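Each of the next two complexes has subunit A plus one more chain, namely subunit B in the first and subunit C in the second.
Moving on, here comes the complex of A and B:
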């Protein structure tokens, strides 16, 4: 058998382009449907797990999917905002612990999530390095963010402007990194967490600037009365919050009207959940309350339907490719008739000639299947990363 | 060495018939088989080698009644006792020269590819002047070199019978002589029998015997 295997190997090595094409075809025939299946299953599990772990989500009326994708996965467009006062409204019902989230800004491609310390307890996020948020301007990085940016406690990250062409828009804010989270295998790894108020600083509705009440600021003031002071553009706005300038940061207007994108509502029991949902069922209600799992189930149902179609197409294409591969093999047998005759004339056993041909087919199949298995393994291993990058 | 008695052969399709009432070829002789195309020279070589079976008659080669052997036994007998050389060389394109020479040892478990066989292959290549081309593939060889590789393959098993089917048919005069020299040298050194089909009547003088096939061709009879 050693001789037959050697001849098969020499044949495949000599016809390496043909071998490569056949092997690749076999690999793709197997990998495409299986890999897609693995990817869809993983995304299904991942999306469902996150959604199942989040009982209720409250947000402004609009697309529930956009709300869920933004608040749970920090993806999608920014949904319509709701006011921070709604957090108090939910809290006052006593039916749930409200955790506000404001996901609008980003720093170097990573979403900035403004929230409260309750979020870390709710998601069971643990600090791997440094400390948790302590003051305005602090940032805690998800594990992957720290890894990708190469930033750790003591360094800083700067928020990205929403539009470089909007000169009246938000200024970048330099945020101190005080901690890095442990790896959680969830979208939290990709996020930068700051206190809710810090996101409002980025937005510009909470700000700190040069003191205007002293005599040194006289040249900066355009008009002033008992309620307001209007200064010119020479006033220095702080783009970094430090212990020295922290006191100068202040709110304008009613804090309860400040924007947030959603509230994660964590009811203690089923009854509270039902009662809370009842509070938001009114047709006049400007907010929506959704169980994220329902929204994701609906999305996955669509995904699974699409997957079934794609797999059906891939299987048909795969079978056609397989048929072509068989045809190529049959044709090559005809082309090798003379070679087979020569071996037979010299004294090859029919079994040996068959073994050479079978070994060639088996080698292509084995390598094709092995590559497909490796690719499937890699898909399985890095599926979550792929899914996150696709979301 | 070869005894053919009352041989009768016909192909399943067509009207070709080969009848050889009696033919004996002595051990160690060199025989040229001549005759017009289609008169059965190659067919008789194939029958003697046990590649095809006759409809009737007996063929004895090297004291073994080939026509009485099973398929497998005929293949084993052939690979151990007979060296075949073809007009079209019949080298495997995907094997290099050395692997082509070693081919008989890779396709039949009756032969064991030991290190002395490799040494012998290299010596043969040296003898026929292709030692520096052992790692080349057939498409990189001249016609004469290809036939020398084919001859090495036939000689590697140290056969007692060499059957050559127009071995010089595709060669220029220089290579014709060289290939025949190799075959004759081997036959002389080892005492093997050499049976060659040829159309080249200029070469037949070198053989100890000439068998004219027109005598076996029924249409001519």
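Moving on, here comes the complex of A and C:
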């Protein structure tokens, strides 16, 4: 058998281009459907892990998928906003801990997530460097954000304007970086976390400005009476919150009407979850309450359906490729007739000649399968990291 | 031979790789596990408050089972204090933070605290807040929103409301540490008895007021006036600062419409201020709101002293 294997090896090595093509074809025939299945399964796990860890989401009526993608993955367009007063409504039921989030703004391509300290406890996010949020204007960076921007505690990031054409829109706010989170392997690594009130500063609802009393403020006043002073547009609003101007920041209007994009509701048990969902069942209800895992399952069902079609196509293509490889082999047998005759003439038995041919096929198959296995192993090992970076 | 061994190794690796690929997709990357639990870290039962009356109530109710912190410097009015980052960090470490409500402690608007640990102790009587008259607000543009800064916040000066503050504290402590509920109830009962006695004493003391005009040096006595039907008008003076000429003129104009014969002060005014008030027929009565830790005694002893001082003057006049 050693001689047959040697001859097979020498033949394959001599016709290396043909061998490479055949091996690659076998590898791809096996790896494409298997690797695709592995990737899809890992994507499914990644997406559903985040959704499974979030019991309920409350948001304005609209697309549940948009609400989930914006609130959990900080992607997609900004959904319709809801009012901050709804947080108190949920809290007053006693059925869940409400964690408001406002995901609308961005800084250098990274989403700014306005929320409360409860978010960090809920997501089990830990500070790797510096401190957590403490004062208005503080920012805590996800691990990847700090890496990509090369920014750390003591430095600052500036929020991006929503539109370069809207000069009367949101002001860029310089936010003081006070901390960097540990790597969590979740979309939180790509986000910039600020206090909810800081996002309202970016929006302009909360602001600080010069004093409107005193002799220096004469040019800043439109009208005044004994009860109210009306400021004009000359009043300069601070674009950076410092220890000196912190005390000047204030709210206008009723805080309960301020906007947020969602509330993560964390019920203590199944019964509370059911009761809370019941509170939002009324047809007049302006809000929707969704379990993110249901929304993601629906999305993934579509993905899996597409995956099944893709795999079916790949399998069909693979079979046709295999058929082509068999045809190539059969044709090469015909072309090697003289070679086979030579082997017979020098004393090789039919069995030995058959063993040489079979060894060539087996070697190509074995190497192809081995490479497919290695690629599948690498996909399994590193696929989740790649998916996380893309999500 | 060498080449056969190589082929055998390739076959072995392939089989191993296939097995790894089949098993790898089943393994769950622990870094994706959103439900990994950190071990529970035991903590002391720590409570922070935004003013001294709440700290006193919490200590009376919580007793040895909790540690109460009120870190504002003693010389500062806690309502207008701005803690630094380190102090905010200390508040963040608390198991519970008791808030006064009614817009007290404006610094709460510019710091980050865990909302699940905040307890607004005035929630039960939010509908009974009093507005401060004469506040000047501001707005932006002809149709901009107004800022609302006109809610009186010294709610604890009404002992009935102080009891409701304390009840909220007891409720929060019992919910957080139910194993000590009985002890908290005992503390609350004792405190409630003292506050009711204080209320009775104030009722008796102010009975002699009988709609008599009273002045106040600072607009902090709204809830006291409301509870005991005091005919009270306030100016905005400080005990450690002599009023200006225009302030005296305004005061005299006030006296012409509101002929007060006694004036409540947060602290002892300057001697010259007292003398001038005496010359106008106005007796100084120190009624310390006790928002911060007193130099001597505690909240109850300060309030009892306030009652004695007020009663003495009202009985004379």
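Please note the rule applied: the second predicted complex is superposed on the first by the 273 of 391 C-alpha atoms of A that agree within 3 Å, B and C clash if a C-alpha of one lies under 4 Å from a C-alpha of the other, contacts with A are read in each partner's own complex, and residues count from 1 in each chain.
We adopt the following convention: a residue touches a chain if its C-beta (ideal position, glycine included) is under 8 Å from a C-beta of that chain, and two chains touch if they have at least 3 such contacts.
The shown structure was predicted, so the numbers you read here are calculated from the model rather than taken from an experiment.
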One more residue to check, A:353. First (subunit B), second (subunit C), both or neither? first
Kindly classify A:345 by the partners it touches after superposition: subunit B alone (first), subunit C alone (second), both, or neither? first
Max touched-residue count on subunit A (subunit B vs subunit C) belongs to chain C
Does subunit B (first) or subunit C (second) touch A:246, or do both, or does neither? second
Subunit B versus subunit C as contact partner of A:6, first or second or both or neither: both
In the superposed arrangement, which partner chain does A:334 touch: subunit B (first), subunit C (second), both, or neither? neither
Quick check on my understanding: which residues of subunit A belong to both its subunit B contact set and its subunit C contact set? 6
Considering only the defined contacts, which subunit A positions touch subunit B in the complex? 3-4, 6-7, 10-11, 13-15, 338-339, 342-350, 352-353, 356
With touch defined as at the start, can you tell me which subunit A residues reach subunit C in the complex? 2, 5-6, 9, 34, 37-38, 41-42, 45-46, 49-50, 52-53, 97, 116-118, 121, 123-124, 131-136, 138, 184-186, 195, 197, 212-213, 222-223, 226-233, 235, 241, 246-247, 249-253, 363, 366-367, 369-370, 373-374, 376-377, 380-381, 384, 388
Residue numbers on subunit C that touch subunit A, as the complex places them: 1, 3-4, 7, 10-11, 13-14, 16-18, 20-21, 24-25, 27-29, 31-36, 38, 82, 85, 88-89, 92, 106, 109-116, 135-142, 144-147
Any idea which subunit B residues touch subunit A in the complex? 46, 49, 51, 71-72, 75-76, 78-80, 82, 84, 86, 90, 92-95, 99, 103-110, 113, 137, 153
